[in-house]
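Handing you this structure, nothing more for now.
Chain nomenclature is as follows: A, B, C and D, assigned in order of appearance, with residue numbering initiated at 1 for each chain independently.
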Amino acid sequence: MIVILKHGVDKEMRIPLIDWLQSQGLGVHISDGDYQTVLGLIGDTSHVDMDLIASLGIVDSVKRVSDPFKCCNRKFHPEDTVVQIGDVKIGGGNFAMIAGPCSVESEEQIVSVAKSVKAAGASLLRGGAFKPRTSPYDFQGLKASGIELLKIAREATGLPIVTEIMSIEHLPLFEDVDVIQVGARNMQNFDLLRHLGELRKPILLKRGLANTLKELLMSAEYIMAGGNEQVILCERGIRTFDDYTRNTLDLAAVPMLHELTHLPIIVDPSHATGRAPLVQPMALAAAACGADGLIIEVHNDPMHALCDGAQSLRPEQYAELAEKVRTVREVCAK
Amino acid sequence: MIVILKHGVDKEMRIPLIDWLQSQGLGVHISDGDYQTVLGLIGDTSHVDMDLIASLGIVDSVKRVSDPFKCCNRKFHPEDTVVQIGDVKIGGGNFAMIAGPCSVESEEQIVSVAKSVKAAGASLLRGGAFKPRTSPYDFQGLKASGIELLKIAREATGLPIVTEIMSIEHLPLFEDVDVIQVGARNMQNFDLLRHLGELRKPILLKRGLANTLKELLMSAEYIMAGGNEQVILCERGIRTFDDYTRNTLDLAAVPMLHELTHLPIIVDPSHATGRAPLVQPMALAAAACGADGLIIEVHNDPMHALCDGAQSLRPEQYAELAEKVRTVREVCAK
Amino acid sequence: MIVILKHGVDKEMRIPLIDWLQSQGLGVHISDGDYQTVLGLIGDTSHVDMDLIASLGIVDSVKRVSDPFKCCNRKFHPEDTVVQIGDVKIGGGNFAMIAGPCSVESEEQIVSVAKSVKAAGASLLRGGAFKPRTSPYDFQGLKASGIELLKIAREATGLPIVTEIMSIEHLPLFEDVDVIQVGARNMQNFDLLRHLGELRKPILLKRGLANTLKELLMSAEYIMAGGNEQVILCERGIRTFDDYTRNTLDLAAVPMLHELTHLPIIVDPSHATGRAPLVQPMALAAAACGADGLIIEVHNDPMHALCDGAQSLRPEQYAELAEKVRTVREVCAK
Amino acid sequence: MIVILKHGVDKEMRIPLIDWLQSQGLGVHISDGDYQTVLGLIGDTSHVDMDLIASLGIVDSVKRVSDPFKCCNRKFHPEDTVVQIGDVKIGGGNFAMIAGPCSVESEEQIVSVAKSVKAAGASLLRGGAFKPRTSPYDFQGLKASGIELLKIAREATGLPIVTEIMSIEHLPLFEDVDVIQVGARNMQNFDLLRHLGELRKPILLKRGLANTLKELLMSAEYIMAGGNEQVILCERGIRTFDDYTRNTLDLAAVPMLHELTHLPIIVDPSHATGRAPLVQPMALAAAACGADGLIIEVHNDPMHALCDGAQSLRPEQYAELAEKVRTVREVCAK
């Protein structure tokens, strides 16, 4: 860590800061320049509160030279992490196709969609049992029975299941779930992350609506610090001023994260855009820039089928998308 | 709710939608224009999924005419809510001064700060026991023993205490806390909100970093729908591209929320700006535009005192601020 | 246009508004609902000030049913516009590779880069002569002589040239430039746009840092309303809270714009990301989601070559990118 | 300027960079740490391209220790700049009340509003003659004749006039205008700024919709570098995800800018919020946090008067606001 002092701070004024830093067990290397003084901190600075130092009256700015994330940092773990779920692998050149309905609605619905997406090449089944909704008056999901229906669909198709957790009090219900999803709104629910770190089960961690890549990695770090190294990151769009699409899909996050971390990164074009006709182009773009997988909403409900809409695709649209994604991957992976 | 159909949608194409709407128990009033058709939905539309309808291929857009928030809506409850904590009132013309350190560090620290802020006119004591930190390696607070120290400070000064909850599993520890704070990162932790709705205790709900005013009100609604009507809203800065201040304090939210809701609204200029010299001007601005209170960080730790910095104020700076805020309120309240 | 009146506005109160609307030459169709009244405006509403009506005390909201953009609207011009520059075509299935250095620095530099990018398959040469810089103290480009050097490079290679205009007073210098670029900071310099509308020459219009797609289309409309229909839109990243990349490349804008307009849309992955290693993945992603071209920075200056960095690519990196883009397009165009 | 090299960069690899820096006339002070090397650049670094260096493969990051803005920097000019227009002063404790209609519409209108706002205590008259509009089909202002009408209103009331310029080709029309306004969309129209720097006339520079405070200061620097030191900065709201108000008024910019620059800073609560009921509270807040003036829209047109709406205030509302602002200033200035 480097601390740059303000211009005009003399040797007297900096003594208390240097004393305090040394009392924290750090070596301090002082470099006096013509214009400013730079303090180089030597030792383990991971516990040093950067904001506190930055806020001191005599400090111009503070720079962390080493990254605050360790477990997920590619520098310390150059090989790609491969997350394995049954026979399915994600990362390290393995591409995962996760698909299914927004919400689990009935046995008939989930089994039928599961069969369709399996036929189209999906390797995992998604479906919401607990639904985070902005309004307390909106449908909140089938909850425990939704998870039971997912298991039935798994039995019928062999597809491992992915579903979202909203609270640690539901953890026992997720014991037999293959991949636990943390939604965007819970990306910084640190207590939940800590509990998931105690499991030995893959976690699909979605980026928060207004969270930086560093914050996403620090949240992965909460899980990994507990010993659970099976984390899959997911870019699903961030909140901006833009209004045509629901969120702004930040695809550059994919190659950027691949540089910073060894964890697999998948993309959710359905929630990012909120518009079915944009799902295929953005899925192809995600594959082209190196994503390790896609999570896509597929429905088979007659209301949607009739009117041809929603952010969800029909099974036949998904099959076409899956086919194109395969070809793009073949080309780009070379 | 009004559904505007796309230009060119004929009477045949709209039948399935109209049938489906009627099957949801709604009346549908059709108004055919030269250019477009507008469907007016009659009945209780609060459970209708607006996004789903908007996503249909034949629909141009959907507008909710009535607000989705009920309990906190000023239209249905024109008088200001006054939240009462012991002798302290917030809202309806009552202004609350909440102050204290960022984190509870020791008995000596918290009791000493509590005495200082009380002398300066604070009516409630704040202090973090559970600290939400971006990094799992940063100090996470004194937790249960931090709450015990707050109670000691309360006994020493008579000031009611405000402290943040991070997980429902800690609820028993908050039984004797006067005001439970929900931090920005948990504003959409719906499960936590629902549990707080079951309490009969004031909740201080901070706006999320990237949440709209409507989403803030919907989160208040989660608490109020459970029967807990003592909700205090708090504007604490939103995340933007701007980089000089930590966040962008959205003060226009104060009069805007006063128009939309009867709940009291307080402002946190310390976290919003992250810079001590900006705290007083923004506190005065908040008072001038009608806020119902201020929550401000005050410290007495020698490290900061020596170097004169941080987002926290020294007790004497807080005393000056409190005095000026009183005068501004007298002028603006007229 | 649809005007939704506030709940509780009676027939008396709405008379002045209806009278005023009729005085503007509009028919007004009144639809009284149980809960609210909707006014449907009949006639040409393109000149009606939506903000003014929305701001009236009796109005809940206003919705434009028809788009405010006409010339560039795909509804009124379903076929793709193909912009032609010499033998080069952009749009309607024709893909343009624009490449060159950030700034024109010398004859040797620009001719050498031009030859390199031509060999790699570029169809147009870019290079900055007038440089918009945040600081008045930074290098502002070679100006008029930069344009002369571009013409020399054009003669040496046959590549048409693309360069940015910053002020109408320089218009005469651009007479022999093939494509005039409008930079992000001038996207709403309406006076400049109007002057460019009087030309009969292709305009490359970059999206502003914080402009919506609708605003981009309205700026294209300024040019097209003057009779110049050869407009190429360019997505180059928007400003968000995100800090790892310079801007956030909004690739979903590509298919979204293709739905809204018939104009060609190209992507600038160099400025969007500001990091050379991200340029290739984002270029492939742009090609995969349907962009009509790419504008990419390529340099050959020894300083950069030595150190392997910058947002610019070396010629050999560009050649590799160009080859991969061709393959992705072949796959996705099917 | 400080250049921090990446971990693992050895002495060989850094030679080309150091040579190049020295060839730019800079001294280079090398400080080798245990973990990283820091290069301190000595000499005038104002012309050094920070982005270029930051982008090099061996560089971790670059920090400017000195601010890039000089003329407007408070460090080099500690006393407040006072801009004087006739008898009116802005800055250094002098508060300016600028008021008038959005657009100049007719002689009767502008003279009548001018008289009203003068009676209410306004010291300068604003009114748009050239109007920047998102759509080419919207009313673009009365242009040259609008400026003539403003002069008539000035003669009738003695109020100096403020109006917006959109293009350098209109400069001759502004010769007799007292204060020339640069709108938010032209804040980085660098060519226009440079021309205004050649004048010796006050310039009112509005912050762009997505511009940082540093960028605002750099734009002021463009004007001041030409020798025109009479620049008034204006905060008018920035673009965020928030949707209840038109923009997000960033009031913390006021004290922050007062710390960074000696130029006066005024606030525009009308455009920032877009809602008349929010104008008074935000005007009071601006006065409370130290703004040097307010620019507010006041109308007297019967359409608005009838319906009581818009972002503009009626003259009597403005008079009430002006009175309250005076009192708040008396309290806060102490």
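Methods note: a contact is a pair of C-beta atoms (placed from the backbone, for glycine too) under 8 Å apart; a residue touches a chain by one contact, two chains touch by 3 or more.
Since we're looking at a predicted model, the values are computed, not measured.
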Taking each chain's centre as the mean of its C-alpha atoms, which one ends up farthest from the centre of chain A? D
Count the C-beta contact pairs for A-C and for A-D, then tell me which is higher. A-C
When the centre of a chain is set as the mean of its C-alpha atoms, what distance in Å lies between chain A and chain D? 39
Mean-CA-position distance for chain B and chain A (Å): 26
Hey, how far is the Cα centre of chain A from the one of chain C, in Å? 31
Two-or-more-chain contact residues of chain B, please, as numbers and ranges. 210, 239-241, 275
Residues on chain A engaged by chain D in the complex (per definition of touch): 2, 4, 7, 29, 31, 33-36, 38, 40, 42, 60-61, 63, 65-66, 210, 239-241
Enumerate the contact residues on chain A facing chain C in the complex. 210, 212-214, 238, 240-245, 248-256, 259-260, 272-273, 275, 277-278, 281-282, 284-290, 324, 327-328, 331-332
For the chain C and chain D complex, residues of the former touching the latter: 16-17, 20, 46-47, 49, 51-52, 55-59, 68-70, 132-139, 166-169, 185-186, 188-192, 194, 208-210, 215, 218, 221-222, 225, 239, 274-276, 303-304, 306-311
